[in-house]
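Here it is, the structure in full.
By letter and in written order, the chains are A, B, C and D; residue numbering begins at 1 in each of them.
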Amino acid sequence: MANDLGEVLHELIVSTRILANQKVLDAFGHVSVRNPHNPKSYFISRHQAPELAEISDLVELNLDSEPLKPTEFRLYSERVIHGEIYKARPEVNAVVHHHAHAVLPFCISGREIVPVFHLGAVIGPVPFWDQRDEFGDTNMLVVKPEEGASLARALGPHWTVLMRRHGAAVAGTNLRELTFRTVFGCENAALLSQAIAHGHVDSLSPGEAKLTGAHQLRPPSTNRAWNYWVRHVEKAGLMPARNGAKSRAAAAKPAKRKAAKKNPAKSKSKKRR
Amino acid sequence: MANDLGEVLHELIVSTRILANQKVLDAFGHVSVRNPHNPKSYFISRHQAPELAEISDLVELNLDSEPLKPTEFRLYSERVIHGEIYKARPEVNAVVHHHAHAVLPFCISGREIVPVFHLGAVIGPVPFWDQRDEFGDTNMLVVKPEEGASLARALGPHWTVLMRRHGAAVAGTNLRELTFRTVFGCENAALLSQAIAHGHVDSLSPGEAKLTGAHQLRPPSTNRAWNYWVRHVEKAGLMPARNGAKSRAAAAKPAKRKAAKKNPAKSKSKKRR
Amino acid sequence: MANDLGEVLHELIVSTRILANQKVLDAFGHVSVRNPHNPKSYFISRHQAPELAEISDLVELNLDSEPLKPTEFRLYSERVIHGEIYKARPEVNAVVHHHAHAVLPFCISGREIVPVFHLGAVIGPVPFWDQRDEFGDTNMLVVKPEEGASLARALGPHWTVLMRRHGAAVAGTNLRELTFRTVFGCENAALLSQAIAHGHVDSLSPGEAKLTGAHQLRPPSTNRAWNYWVRHVEKAGLMPARNGAKSRAAAAKPAKRKAAKKNPAKSKSKKRR
Amino acid sequence: MANDLGEVLHELIVSTRILANQKVLDAFGHVSVRNPHNPKSYFISRHQAPELAEISDLVELNLDSEPLKPTEFRLYSERVIHGEIYKARPEVNAVVHHHAHAVLPFCISGREIVPVFHLGAVIGPVPFWDQRDEFGDTNMLVVKPEEGASLARALGPHWTVLMRRHGAAVAGTNLRELTFRTVFGCENAALLSQAIAHGHVDSLSPGEAKLTGAHQLRPPSTNRAWNYWVRHVEKAGLMPARNGAKSRAAAAKPAKRKAAKKNPAKSKSKKRR
């Protein structure tokens, strides 16, 4: 993953637009990236539909998911999903929470997602988490740190966790890997649903899943898909302007400071999902 | 909901375009809003595909669904769906009748719609209504006041009612809530159909449904989705010009009077669905 | 239906574009209209993907599906579907043959299509025809007059016939009715498939089907849908220029003569489906 | 098929764009064409999403799938699929490897694909190949010559082979036939899945399949579909500029030499799928 902060934040927005354009995200869901220079913080958009987020909408949160600097932005109420996964998994640098229609049938039926084609191998084992088990009847949002921590425990050493009657959380070591796993995880789920309708499912063997998953996550493969999705984001008129800081030096110039950091006044970090 | 009439009517058109763009409405179906200054009347387009409606196509009807002023516009023959729901439910300020493909399989199969993911909780219980039960063989349109009243009784204290072999009627306390409930009600139905194909359905518990539905209908959530859908309406070239009366004062100016009120001559309010 | 020939031919192209834009037609299929001034002939495009047809591509065929004037255009090999239906059904003035994905599953599974929602009532009873029954193994194209006549017999007094393992033929008293029946016939089939997946289907009663079908085919309903589809054809950049002859007088002017009639030389009416 | 090399390479790019636009190809998959002047070599894009390929991205490989001239381009790691099929089948002049969602459910469920509508007859018998049978657990990519040869043996004298848990390889005597077979093979598979959901499938008789498949592969039919798909490629802004060499003479001019041949320096033909 790029080490330059400006590049990383630009890539966060591009990843978000890709996932929106690929119908993984809609009005809801969110993507984050760990600060490449500070493993104790991460960046995420203020509360809004993810597709609409610009670099100037990003806020930096600590791993308790509180803003490093006071902000007037309303924050996602479910941001603890991100913070608690970063806390539990040092090797994770990017996280998405989504409600894609491809995976939701599994969240509803409780059927297990298994890899059924080579590109689907990148999901790895997919455990379930049911907020109801530990917290009883709730408004189903993951807002308390202990709820996020419980979800992170269910994820364990894996990369995707299904949230019963809700959606999924996906992790990656970088944004391109995350995007690849998320899109092909959805495709794998959609294909699995179709095979279920055929009445029989043959999944990858454990050996195939391991060898294939590792191979597909190498940069030539993730970059090839990334470049393709970027082209489609461009055609959809969704490509963000590269107005973000191109380097930390540039980022230091006043004109390029992120709006989120322009309002150190009040700390009314309103909560929203 | 906005209290300014011009704003409300503009929002009615935007809501209609959103629902068309989200494939809830097509050539048929219609959306209405109660007059914020007169609970005894409501606004609805003249007879046409809802996506094509402009503010100048709106007519004001009393709760018996007759125009307040003579009009030459052809009216929707099924407008009593709106009038009778407004009559029975003072807290309802917006109504849509639609035939979305997501809910029609339930109207045909008779399977119950239950909330299966958090955003689907906004539908609440979804009763059925079968025009045939009370009225026998008809042309299946809800055109008589007693048919509309029967439908409103089936809706009861709830917010969505499925019309067997026909479609749905959805109510809201305002247009944004209505739009949110309608879109996510359709998504919930589509996901439920997919889970049915998996052979097992786990729905929200009653406690989850209640807590989650109430939370999701709060403005931060409905506005977040509204803004996202508006962006997509804009991209589809469907955003109505804000040429409607911006305020009641402006609305009073002759040049901005609605066409529907320009023809006080004849009262040939032709009926159409 | 318009009585003016220029108008009718323009409407034929518009209907074709609507059906292409609504995914009923693709590279294959064709639409025709009977000559409003000569019940013994009809107009249809030369051999090509229907969406690409312009008025200048139309040819006039007699009811044996042979061109009235010599033409160098390659003709659809399956044009006897049209000619034989016009021969058998004097009240039919427009015909479409298509392979829409909504109805093909029924052509393959042999399940009967029944009306399952009010707009679907316009299809009426839908008989099956299997070319194999009478003609054994063929290339499955309806090219011989006796094959077309057999299909027309299977259609009988109805308005849609399903061709096993092939597609459908739909008839109408005019182009707008035809378009309406075709689109909503497809929607009815798609919804029926979804209800089948729910495990139970409740269809319209015979009384409902009769009353509703007749009501929906009245001009206010068919025109409302037509205007909506035209708007979408316009947005897709598919609206044909109104360069066709506006009247028979205009049509007689050299500059407006249809290309099909400009080549009286040879009679190499090549066949193609 | 065109005999002019410039024309053939242009058609290769157009075929690729058609298959991308028809959702057969996405970030992965690839199309190739045999050199019309040298049956011992074929052309294929360098490693990238196929939709993005331009003529300048093409490389010429021998039937062992090694570049004729040194190139710095990264090559598809699975190019042996193409080379080994060309080696085994002299009459094959074009090959595609894809992972279309229409056929993958069959690769997963192991259900046989049979022709279920007339246009589907062009697929012919569709054998399965399981890389695991002969090679055990792998990364599921067909990268070794013996893997490609094994796949070609499974294809045998047929035109489509399904790769279990992976995708398909399709062959044609020319690019238009290949494109036609691939698109309608996918449509046949999608329709078959829908009929399976109806609970009953009637397929073409062997006689129908043979007669119909042969008829549909004649140029009037394949060209009609090609022209239609080209129109849609144009509307999607995907039509490649005809900047490729228009003739061999032109191709010989320095300015028009393919980039792949401009770098005879090093032979670092990096492998990628």
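The rule is simple: contacts are C-beta pairs under 8 Å (C-beta built on N, C-alpha and C of every residue); 3 or more make two chains touch, one makes a residue touch a chain.
Since the model is a prediction, treat every value here as computed from it, not as a measurement.
At the interface between chain A and chain D, under half of the residue numbers involved are used by both copies, so each side presents largely different positions. Between the two copies, chain C and chain D, the Cα superposition rotates by 90°, quoted to the nearest 5. Inter-chain centre distance (chain A to chain D, centres taken as mean C-alpha positions): 34 Å. If you average the Cα atoms of chain A and of chain C, the two centres end up 48 Å apart. Of all residues in chain C, those touching 2 or more other chains are 197, listed in ascending order. Taken as a contact graph, the chains are arranged in a single closed ring, with each chain touching exactly two others. Residues 116-119, 121, 187, 190-192, 194-195, 197-205, 207-208, 211-212, 214-215, 220-221, 224-225, 227-229, 231, 235 of chain A are the ones touching chain D in the complex. Across the complex, chain D meets chain A through its residues 26-28, 47-49, 51-52, 74, 99, 101, 104-111, 132, 136-141, 164-167, 193, 196-197, 237, 272-273.
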